[in-house]
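Heads up, the next two complexes both have chain A, just with different partners, chain B and then chain C.
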Partner chain A sequence: MLTAVKNQTRVCLLSLKYNIMREMVNKVTFLMNIIFMMLNNACILIQWFILFRLREEIGGYTMREIMMLWGLTAASFGLSHILFARVFSLPELIVSGKLDSYLVQPKNVLLGVLTSATAVSAIGDFLYGVALLLFCGLAVGGFLLALLLIVTGTVILTAFALLFGSLAFWFVRVEILGNQMVMGIVSFATYPDGIFQGISRFLLYFIIPVGMAVYHPVHILAEFDAGRLFTVLGYACLLSTAAVAVFYRGLRRYSSSSLMEARM
Partner chain B sequence: MQAIRVEALTKTFRVRRKEKGMRGSIKAILRPQTEEIRAVHGVSFGVEEGEMLAFIGPNGAGKSTTIKMLTGILYPDGGRVEVLGIDPTKKRRQLAYQIGTVFGQKEQLWTHLTPYDNFRFFGAIYDIPDEEMEHRIGELAERFELHEFINTPVRNLSLGQRIRCEIVASLIHRPKVLFLDEPTIGLDPVVKEQIRNLIRQMNREYNTTIFLTSHDVGDIEKLCKRIIIVNDGQIVLDDSMEHLKYHYLHKKIVEVKMQEETALPQVAGITVLKQKGSHARLEVDTGAVEIGDALRQINVENMEDINISNVPLENIIMEIYRAKDRQQVKAAIAPVG
Partner chain C sequence: MNRYENSAVSNAGDIAKRRFLGQLRRGHGIPGRKYGVIYRSVLMENLQYVANMALGFFGYFVFIYIFIKLWEYMYRTPEELIAGYSKEQMIWYVMMTEMMWFGSNASAVGWQVKTDIRGGNIAYLMNKPYHYTLYILAKYTGEWSIRLPMYAGLAVVIGTVMVGAIPGFRLITVPAMALCIMFGLTINAVFKICIGLLSFWIEDATPFQWLYDKLILVVGTIFPIEIFPGALQPFFKLTPIYTVCYGPAKLIVDFQPAKCVEILAAQAVYLAAGCGLMFFVYRKGVKKLYVNGG
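What follows is the complex of A and B.
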């Protein structure tokens, strides 16, 4: 069992290494993608600095919490796209029958698929997010907690994309809905949760899991709350279990295809 | 011992049906209609260890669907499959350690990496230790002459070199059964021959069972001793190549060049395919008339040149493809009389 986990981890890491090597074929594009993504994110933060010169608090957040919010969002989004970028194009893979090569390998199909691509600009997102959290003035323990919350955020975002992406086994053109839901998480995750009330707040905590991926973690970092932490950990486990179950249930319906293709 | 055992294998796909035009699209949203396509229907066969089998059929006959069910890519709707005693639907991963697959139309290699790096990746997938991996890469590179381009990125290789690497990548874990789906598609005759030699070599040296699908008659004729033809999701012929070629091949093509234009015989069993001046092309059905008798019917003294050949295997296969079931296949290829 332990050897199997070790071997699977070795393949996943090798896959990540080769993905990055593919992106590094053009050094200039590779570096530009990362640097410009960091600058792009930094520009948006400037707007918040201006807003906080006018008001001391927005939606219950100060500038420090906004930095945590942006840090966690960017780092979770980044890590998810570095390690599991393929989950965001899963419907295309299912519909065009591109899972074949993973199904003939003696390894976990899902991990093989998810780790088969890396979005290079996501490295910029991740670095930016981690840097921002470093500037929040967290203690060592707080920073380690932030790293754990980046992992839970990554798991929630990936599992949510997997859940919606796997619906492509049953429905056609589901990628539009899936993309909108995933982008919904990212869009809402850049605003303080205090500005959302009533039904929208309910939606953000229970339907689009931005509350679990980012809002709860921000509150945990601002003021440690073990209850919230266990809620987030429990939700991440529950959602990922459900997403994996739906994927494997759907895989039985996979119909492959005879399209010509190359592994690019 | 049988390497592959298939019993009453069935697979049906449900596909959406849409009427033409915008109205059809709107109708499809309001009242979606689906249709069941029977891709494989009650297919049964067995393949012995070390056998080289051609599994062929026209496009849409169910060949690839069958291969995909044998390799664990698709779940069958009914029937039973066992490859090396393993059920692909239940123990896909365990089976994957023992089989290799090459899909000519789908690349498994990373194009930005060199064949060497790709082989290392496949080695990791099959849990082969680094040292052993180096040994196997060296051995395969030597055997299949990859040294010239083993360190060139795959995207810069020619199609032939690339397919050779695909096959080598599928052999890295020394599979007992190799599934080849159109391995020579798009290759020139020289490279095709190289690939065929490679497959033959593997079968000879490692006793690898070969399950081949191809539209190239050369692949089938030169590699396989047994042929299964599927059409419309069913097996319409399961026979040895020798039997097919020599027992069913009852028609001969006789090409003659006469000294001057002559009237050709109007005898049962002899069909004039083409006649132009002193040149003629005849088809002789040896079931109806013996070849010696047929030649005697042609004015031998007036003959300048003669060439007798078999009907190309391609034509026989085409006839079989046109037949709808086993009965029609028998009628299409069985000798007359």
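What follows is the complex of A and C.
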């Protein structure tokens, strides 16, 4: 069992390595994608400087909490797109019947699919997020906790995308809605939860997993709460289990397009 | 003999006249007709995907919902003014700029130019009897001609239900606003094509597109220019932001004839300068093109 896990991890890491090496063929483009993505993210801070000129706090957040919010969101989004970028285009693979090349490999199908692509610009997102968290003045323990929360955020975001992506086994055109849902999470995750009240707050915490992926982690970093941390960890496990189950359930319905394709 | 000759001349004249009128009716000889044909074909093609486009409404709604909540929080009292804008005007401003953003899908322009150059398709397209940049512009116009009215309808419904009518809005001003929006979208596309053409020199110009988009988003889309420090405002008014998103949206929330003339004049200047730059960059870029065959 342990050997199988070790082998699978090794395959995933090799896949990541080759994805990045493939993108590094043109080094200038590779570096520009990363650096400009960091600059692109930094531009949005202008918005918050403007808003904090109008009010000292927004939805219970000061500039420090906003930086934590952005740091966690960017790093989770980035890590998810570095390790599991293919999950965001999974419906396309399913609808066009391009899963064949993954099915014939003697390794885990889902991990094979998820780790088969890497978005280079996401490295910029991840580095920007981590840098922002470093600027928040967290202690060493707080920073390590932030890294753990980045991992839970990554798992939740990936699981949510997998859950929606797997619906393509049953429904067509679901990829548009799935992309919109993921971008919806990112949009909500970059604004303080204090501005949302009533039904929208309930939706953000219990239906769209923004609360679990980002809002709870920000509150945990601002003021440690073991109960919240276990809630986030439990939710991440539950959502990923559900997503994996839905994927394999849907895989039974998969039909090939008999497309000759090789994975390089 | 003479009679027959005269008759023959007369018939030839009639035929030529009829041929000329027919050509005129079909648009032959009219400059830019080919771009009109491209526009029409893209328009017809996009009509097939109206349902797909409607699925994109969710993203627009999420964005607008966040901004409604944000500005409801920022305005302490209903009468408060921020940078001279009431709460309703501020939310409508964001709704209109976002409508242009989502309804035009301008990122597709830069993406197409980059993909054509990077993939080598440009070698095939540049030999066609049209100017490549104008072909892209015609295609883009055909795309937003369907998307934008759909998003405009959605914006009006969301705005009326969740915010209320725009204070002081007059229906008679709609044609002037529509003209400003149309020019704004075209100027944005021209600048995005210019950035996309940088792919002739660097393999992937997408990072520059991100920065351009983010500046337009932060400075002109989610805030009106008046909200920025006074020292920066004259500078922003000289950038494309003023003509691309601020100008049209400002006219919608607070229409003033003098402002409309000022914005249209600025747009004319920007469009001329932008097109000049686009042709210049394209001409320089194609000289850098290497065709590897295949």
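Note that the second predicted complex is superposed on the first by the 258 of 264 C-alpha atoms of A that agree within 3 Å, B and C clash if a C-alpha of one lies under 4 Å from a C-alpha of the other, contacts with A are read in each partner's own complex, and residues count from 1 in each chain.
Here, contacts are C-beta pairs under 8 Å (C-beta built on N, C-alpha and C of every residue); 3 or more make two chains touch, one makes a residue touch a chain.
Every value quoted in this text rests on a predicted model; they were computed, and no experiment measured them.
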item	value
Clash or fit (per the criteria above) of chain B with chain C on chain A	fit
Contacts of A:252 with chain B and chain C, given as first, second, both or neither	first
Partner chain(s) touched by A:57 [first = chain B, second = chain C, both, neither]	neither
Included angle at chain A between vectors to chain C and chain B, based on C-alpha centres and rounded to the nearest 10 degrees	90
First, second, both or neither for A:191, with chain B first and chain C second	second
Partner chain in contact with A:92 - chain B first, chain C second, else both or neither	neither
First, second, both or neither for A:225, with chain B first and chain C second	neither
Touching partner for A:101 - first (chain B), second (chain C), both, neither	first
Which of chain B and chain C A:33 touches, first, second, both or neither	second
Chain B and chain C, minimum CA distance [Å, superposed model]	8
Parts of chain C lying in touch with chain A, wherever the complex brings them together	51-52, 55-56, 58-59, 62-63, 65-66, 69-70, 72-74, 82, 202-204, 206-208, 210-211, 214-215, 218-219, 222-223, 227-228
Touching residues on chain B, where the partner in the complex is chain A	13, 16, 64, 68, 71-75, 92-94, 96-97, 99, 101, 103, 105-113, 117, 120-121, 124-127
List of chain A residues in touch with chain B within their complex	3, 7, 10-11, 14-15, 18, 21-22, 25, 99-101, 103-107, 172, 252, 254-256, 258-264
Contacting residues of chain A [partner chain C, same complex]	26, 28-29, 32-33, 35-37, 39-40, 43-44, 46-47, 50-51, 54-55, 58-59, 121, 173, 176-177, 180-181, 183-184, 187-188, 191, 194-196, 200
